[in-house]
Amino acid sequence: MTRVAWLVAGKDLRIEARSRVLLWQVLPFGVIALLLSGLALGPTHAGNSTAGPGLFYLVTLFVALLMINRSQALENAPGTRASVATLGLDPAGVFLGKALALTVELWITGLVLLGGSVLVLHTSLIGTVHALPSVLVTLAALAAAGTLYGALTQGGDGPATLLPVLTLPAFAPLLIAGERSYSAALHGGALWEWWVIVVVALVAYTAVGILLYGVLEES
Amino acid sequence: MPGDQAVVRLVNAVVLSKGFPLLSGVNLEVDRGSLSVVTGANGAGKTSLLRLLAGLDSLTSGEGMVAGVNLNGGDLRLLRRRVGWLGHEGSFYADLSARENLEFAARALERPADEVGSALERVGLTHRVDTTTKQLSAGQRRRLGLAWLLVRRPELWLLDEPYASLDDAGRTFFDQLLREVVAAGATVVISAHDPLRSGGISPQHFHMVGGRMRTT
Amino acid sequence: MIKLSQRLLGPVTLVSLALTFWLGLWVTPPDVVQGDLVRLLYVHPPIAWVALYVSFGTATIASCLYLWPRTRSDVMDRVAYCAMEISVVFIALTLITGSIWGRPTWGVWWAWDARLTSTAILGVFALAYLALRRANDDPAVRARRSGVFAILTAINVPIIHFSVQWWKTLHQGASVLTSNGTLNVHGSMLWTMLLGFIGFTLLFFWLLRYRYRLEVKRDFVVATTVDEALALRRREGV
Amino acid sequence: MTRVAWLVAGKDLRIEARSRVLLWQVLPFGVIALLLSGLALGPTHAGNSTAGPGLFYLVTLFVALLMINRSQALENAPGTRASVATLGLDPAGVFLGKALALTVELWITGLVLLGGSVLVLHTSLIGTVHALPSVLVTLAALAAAGTLYGALTQGGDGPATLLPVLTLPAFAPLLIAGERSYSAALHGGALWEWWVIVVVALVAYTAVGILLYGVLEES
Amino acid sequence: MPGDQAVVRLVNAVVLSKGFPLLSGVNLEVDRGSLSVVTGANGAGKTSLLRLLAGLDSLTSGEGMVAGVNLNGGDLRLLRRRVGWLGHEGSFYADLSARENLEFAARALERPADEVGSALERVGLTHRVDTTTKQLSAGQRRRLGLAWLLVRRPELWLLDEPYASLDDAGRTFFDQLLREVVAAGATVVISAHDPLRSGGISPQHFHMVGGRMRTT
């Protein structure tokens, strides 16, 4: 399983590194979206630093959707699906590999966006550093969930538009927990309960992925 | 089991897609180590048949046993691992080079990495090993597909119009490959519009009409 | 004449910038309110002017000339590209000098102010332009697409300018030349600032020329490798 | 030109009607995104009805990105581009047709989302009705700009991720103007200057599209 | 102009893609009303040549004149309007039915709508007119491509491996179509690995190697 996971993760990251889409397209998009969200809310709300964590997660969510879609689209080029299916890769490994690659990509984006929200939304730097571990875990959970949902949507009609519908409700609790724990890190407050939610989500999605990804791939 | 020799056995196999019967009751038996050619008019169901055999589509009704796997409730992944598939489309990660694609396959199958180089050489792609797959020409993509199969070495080869877009040298190579493969004991099912050119082996012919075998 | 002015461009740029810094740092007096901070006046506005108007203007005009069939040439495409690239640098400098100025005067590095926001958005436009160029390999396609994009950007400059006016702006208004036409800045300060404008504008064109030549050289390198590639390709399968 | 425009718009709308992607995927996404944005900002900001217009436009923007991408992806299926190119359609007509179809789709989505923000974000109903004309014009401008930017990104690397990077800065002023005029309709205030911006943008983008779409299609 | 007869005239045509010369200096002259067959090994540049002639790719250096349009700076849209193109891939709106696709083409070209029905009948797709294109089989998609060309009636036909995935009846029909088309004065350039089957017309042969014509 781990062998396949490394293999798949390596392949995904290599394709990503080659196309530079993350660097040139996804990251700028995130930064602009952050700026725009600030704008859309107007100075009163955006200047208000309590909006920082919420906006950060909102933008991360949209970025994650783009990246999940890309990650699954790789497997869905005409013909690719059939050929790869006949390799008979262990689905648990494929799931782990794709989730891993997505995690790495989301971490990179997340760090840049955190930097952006410190600069642009006046979120406190120290608070943000404190929130870092919880952000990383939340992003990993997003990646695991996203890989699962991504596999659900592919192959049907208009996967790029189906994905958001399916994932948003699932991401909502993650979003809230992430935002709460980030806010708690900023303003002080009970952290651990949000941690529990996020960690449980990560473990649950990973477990479900390992167990059920095979069912999704069979079709 | 009586059909120890049969790698493929379909009884009244029906495959529906959105209510349309791609296959409308196919009976088919293919022996181990044989070469079969499926012919038929456009839209007769050749591609659908091969997809069913590869475990890529599922059986709606009827019975099927392919490479020891029952199509009703058997482990389709096991089946897929035993077949090699060459479809109409180039079948790789378009952003990886020819070599990287094959290396991925070799690693996935735990084959030694040096097979990749020799497979690429055999199909005549040595001067394009580092070109990304999406930049290859149609025929080169076909050849890469053959190289992928060389690395795969499956027991059941399912080839959908393998001659299309191969040049003369490619076809000669392919015919020779077929002979080798069959001699080594693998089973081959191909769909074709062109007559087979290889002299060495005598294929079994199947003709499809309207989603099933023509009763001769 | 053109040759001579080209030859003089570098030295004149250097001299005027050196003079600006000398005057700005040592000759002009500190401000009553701002103290030594006022010396940013000789750097920040000229840089901002180049970033917004000179470089974007150059890129837009060059793009229009490229898209107009009669004046279409690779020269225009290269000029547009190089100008946009330099504009990224100048916008970054505007943001940096502005932030440095903003920290002591407004108490924050960044604020949701009309001027600041529109500057940031323009910077993003320039980056997006570069991203678009990267995403296309065929030179003709790339040139056409980035040309259209530059023009679309130009449409946005006035729209951005007006649409952000509703914010009660923190940023300095027209403080040098007030609306009734009277001059607000005196003597040596005015001259230093003027010199700064000239110096940085010249710097832009000097950089543009440099960058352009680099681009031509790069194209030349590409061209020689193309010859090799052609020779290789012709030997294929023979 | 108009003949081609009708033809192209009809084709796009027919494909859309057949695949039902708008109805089943884009609209639900918009509604969920509206809910989530409310959540992400927490009760203090979202309950506050001043955030309504901003959130409405933010969500509409993301929905518009999905739809622009889909609209262009239709033309980019392997081989389609080449065949259609040999029809030699008048590019100005193609631009108008695609923009028209997109406008219709955005209007439908916009109406639903307006309803959503009245229900979910407690935006005033009467104010929203007053804002309707300006919203429709803004959406039409988005469609015109989006068609242009969509054509810019297709065929290159990673069009789905490149699109947001190119469009967001351009949509920012539209967003602001739309949001301001919506707010003005809600709370009273000068409307006409925002109208000017939006109408100018619509006219400018349409003019540029008619003139330059051919240049983009040449490739 | 001396070559009034020449529909295609290329002099040392070079096409680069990402620095790689797809065409490395092609000289070609094709007369009006002729049938030309371009052969060559996989990757020799046949598809690239046809794309250049269709105005789908642009010339990097050299000179070219196709259907009265100069490839350097001429109106490529005008050129595209004069050619008919049949590529490796099915070339339609995948979500529209066979009939809707053709109707779109007919309207775009201001052709009478009843041509659509007869074109579909000629290529033998009457039983699939309302099937969406993405559900058609490979050969049916090819046939739809031919129907599209029948509606188009271009003056220069550029067909990339037209035989691939057509069945026997399809090939016979295609050969007959070729004869008709050439007799009606159109010019046809096709790329092929299979020998031409039509007896009626004697095609001109061109052989490509390494991105250019083999000097014979």
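A, B, C, D and E label the chains in the order they appear, each numbered from 1.
We adopt the following convention: contacts are C-beta pairs under 8 Å (C-beta built on N, C-alpha and C of every residue); 3 or more make two chains touch, one makes a residue touch a chain.
The structure presented is a predicted model; accordingly, all values stated were derived computationally and were not measured.
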Chains contacting each of chain D and chain E, listed by label: C
Chain pair whose interface holds the most contacting C-beta pairs: A-D
For chain B paired with chain D, centre-to-centre distance based on mean C-alpha positions, whole Å: 45
Separation of mean Cα positions, chain C and chain B [Å, integer]: 59
CA centroid of chain A to CA centroid of chain C, Å: 36
Rounded Å distance between chain C and chain E, as computed from the means of their C-alpha atoms: 48
Junction residues of chain C, two or more chains touched: 121, 124, 127-128, 131, 134-135, 138, 140, 236
Touching two or more other chains - residues of chain A: 19-20, 24-25, 28, 32, 35, 39, 42, 78
Touching two or more other chains - residue numbers and ranges from chain E: 17-18, 20, 41, 43, 88
Interchain pairs in contact, sorted by label: A-B, A-C, A-D, B-E, C-D, C-E, D-E
Chain C-touching residues of chain E, taken from the complex the two chains share: 14, 16-21, 24-25, 41, 43-44, 58, 73, 209-212
Complex contacts: residues of chain E adjacent to chain B: 17-18, 20, 40-43, 47, 88, 128, 135-140, 142-143, 161, 164-171, 193-194
Sites on chain D touched by chain C in the complex: 145, 148-149, 152-153, 155-158, 162, 165-166, 168-170, 172-174, 176-177, 180, 193, 197, 200-201, 204-205, 208, 212, 215-216, 218-219
Chain B residues touching chain A - in the complex, by the definition given at the top: 51, 54-56, 58, 76-78, 80-81, 83-85, 87-96, 100, 104-105, 107-109, 145, 148, 152, 154
Of all residues in chain D, those that touch chain A in their complex: 19-21, 24-26, 28-29, 32-33, 35-37, 39-42, 44-45, 50-51, 54-55, 57-58, 61-62, 66, 69-70, 73, 78, 157-158, 160-162, 164-165, 168-169, 171-172, 175-176, 179
